[in-house]
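These are the structures in question, set out in turn.
Next come two complexes built around chain A: one with chain B, the other with chain C.
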Partner chain A sequence: MKYLIVNDQATLTSMGAVDQTFMFPQNRVLGIESINDTTTNLLVQGTNDVDDEDTIVLVHADKSAAATHKVERNLIDDAVSAINSDSRLGFTVLFDLLNNIKLPNQTLAGSTYTED
Partner chain B sequence: MKTPYIYFGTKGYWNTPGVTPTSNVAALATFSIATAGLLTATKNNSTDPTTLGYRVLHYAGDAVDDTRGTDYTTDFVNGKLFAGGTAAGWGANKNADDKQVGQVTNLTGVSAYLSGSANGVITVGDNVSSGTAGTTATGILMTTNDTVVVEQFKRNDAPGNGASAGELSSCYAYPMTAFRGANPVAYAKTHYDGTVLDQTDLYFESTDGTATDDIIRIIHTANKYPDLVKTMEAIANCGIYNRAVTFYDLDINGLETFAGGPSLSGANDLGIVGCWRTTA
Partner chain C sequence: MIRTMNAQEKELFMYVAEDATYDTGDQAIFKASDFVGATCVDDSNTIFRFYPQDRGIMGNIGADPVYDTFTLTHTTDAHIEVMKGVASAISNPHGGFVVIQDDLGTAFSSDGSSLGTAMTDINYAPIASTGTAVAVSAVTITTVDA
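After this line comes the complex of A and B, so read on.
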């Protein structure tokens, strides 16, 4: 089993509270869905409540604009590739605001993790 | 464990019988996200239908003279002149404003129809210069043997096009491990090009973690259910892990992408005319 990590905090000292940093196994993904023209949600089975979901918000360029209309579709491919990654470390960082790591078609600003 | 992911774009589709006008307008049966995959934004008599991401098509089930607006001269499916007569393949030699069985009219006139704000009601005007919609140029007089199809043909027509907005064009990707099964559902309708249609509901574990499944509703050519489930099996075992496999997509330019049938040909082997998400 491989694991995924997200972090929406930009400074080390601010990490550690709820809704900031999250590690989850790749088989807990429930799905990926469009929310609006600039937001896609990656939904995983809830940590506190298995009958609920945790929400990872992936921000991207405007998919209603002609120049960037494929960005969300490509971002979904980015996410799937990362989730299914054969990382030898055993984990893959989806995005990390502290270290400026993100998916290729993602915008870090506004990308968040929220536990439900 | 790795698993293939399946991706669904949205194509709204509403196929409904014609309605006899009252006070020169005919309010079609109400549709919803669950039944049609779209809820159209407000359209008044000054909104040009050709600027929208969906179209309203009238299929003539009866032959009735003097019922079609003068704006409409050619058939949407085959491009032949309505006035082409038997030489064009129609049943009789008639004028362009005379409806003949099988003729398909794309209601592109600015005042041809109205839509409320995401209320699921489209009101079509007849070809009389009175009533809230329709004129001698833009209207069409329906009978109950006619069919009207509301068909989305490109993404992003309406502002706020996301899942919560309830108008047009969301998209979804699921791990194939979340696939719960495919259920054929009675549909018994005919597309405007004469193709008989079926409906299949694809069940997935809910993305919000609750016990109620997500359903991807597919409207497709009749008798394609066996091919559709073989396509799902092919995607589940395709061994593609670095991207989501597109089952169906409709982009901002109207370009459609298909997985294809069991061979994953990339063509519309299943005859998909509608694809959207609802819940059980």
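After this line comes the complex of A and C, so read on.
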């Protein structure tokens, strides 16, 4: 099993509260849902409540604009690729605001993690 | 309840021990296939949650489950590095036995007479943004059956 990590804190000294940093197994992913023109949610089985879900918000460019019409579709490809990654390290970082890591078609600002 | 055992993988067991005396309830082994997720507790603690040994707990209709957990106390703000270190240690598809934290080792080395440095059972990378060395100093186990 490989593992996925997200972190929505951009400041080191702000680390350490709920709804910030999350590590979970690949097989906890429930689905990916389009929310609006700039937001896609990755839903994960709740880490604190098994019959609820944790929500990872992936922000992207406006898919209603002609120039970025396919950005959400490409972001979903990015996410699926990362989720299925057979990383030699044992983990894949989906996004990390502190260390400026993101999926290729993602916008870091506004991307968040929220426990159920 | 969703069971998550991947039949293509051999099981990996994670060992933690709270102290050097190894009293009853101070040691536990968790299956990697029972791992649910890890999140922050505060600026120096990260909690790892697992499906409980007592499977009946997960069947409580209308009630939230109670997970088995262990919490690692670590260098301040090192949550990401600790998560990465543990993830690497428990990702071997061939299974095995991994010592996540054994505080016998920590107690042994904290007097400085032997290794002269804090001993951590997993070799964690330093905090990426500062280079600060990362160590785990303690573990706390909470199990349903404890």
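As a working rule, the second predicted complex is superposed on the first by the 116 of 116 C-alpha atoms of A that agree within 3 Å, B and C clash if a C-alpha of one lies under 4 Å from a C-alpha of the other, contacts with A are read in each partner's own complex, and residues count from 1 in each chain.
The working rule: a contact is a pair of C-beta atoms (placed from the backbone, for glycine too) under 8 Å apart; a residue touches a chain by one contact, two chains touch by 3 or more.
This one's a predicted model, so the numbers in the text were calculated from it and none came from an experiment.
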Next item on the list: Judging by the criteria at the top, classify the pair chain B and chain C on chain A as clash or fit.
Entry: fit
Item checked: Which of chain B and chain C A:1 touches, first, second, both or neither -> both
Check: Should A:27 be classified as contacting the first partner (chain B), the second (chain C), both, or neither?
Finding: both
Check: What is the contact status of A:48 with respect to chain B (first) and chain C (second): first, second, both, or neither?
Finding: second
Notebook entry, point to check: Now for A:16: first (chain B), second (chain C), both, or neither, which partner does it touch?
Noted result: second
Next item on the list: Between the centres of chain B and chain C, viewed from chain A's Cα centre, what angle do you get? Round it to the nearest 10 degrees, please.
Entry: 140
Next item on the list: Check the residue A:84 against both partner chains and state whether it touches chain B (first), chain C (second), both, or neither.
Entry: first
Note to self: Contacts for A:70 in the overlay, against chain B (first) and chain C (second): which applies, first, second, both or neither?
What the structure shows: first
Checklist line | Partner chain(s) touched by A:99 [first = chain B, second = chain C, both, neither] | finding: second
Note to self: So if I take every C-alpha atom in chain B and every one in chain C after superposing, what is the smallest distance between them in Å?
What the structure shows: 7
Notebook entry, point to check: In the superposed view, which residues of chain A touch chain B and also chain C?
Noted result: 1, 27, 45, 49-51
Checklist line | Contacting residues of chain A [partner chain B, same complex] | finding: 1, 26-27, 29-37, 39, 43, 45-46, 49-53, 63-64, 66, 69-70, 72-73, 76-77, 80-81, 83-84, 86, 116
Item checked: Complex interface listing, chain A residues touching chain C -> 1-3, 5, 7, 12-13, 15-18, 20-25, 27-28, 44-45, 47-51, 54, 87, 89-91, 96, 98-99, 115
Checklist line | Residues of chain C that touch chain A when the two form their complex | finding: 1-2, 4, 6, 9, 32-33, 35-45, 49, 58, 64-65, 67, 76-77, 79-80, 83-84, 86-93, 127-130
Next item on the list: Show which residues of chain B lie in contact with chain A when the two form their complex.
Entry: 1-3, 5, 7, 155-156, 160-165, 169-175, 177-178, 204-211, 214, 241-244, 249, 251-253
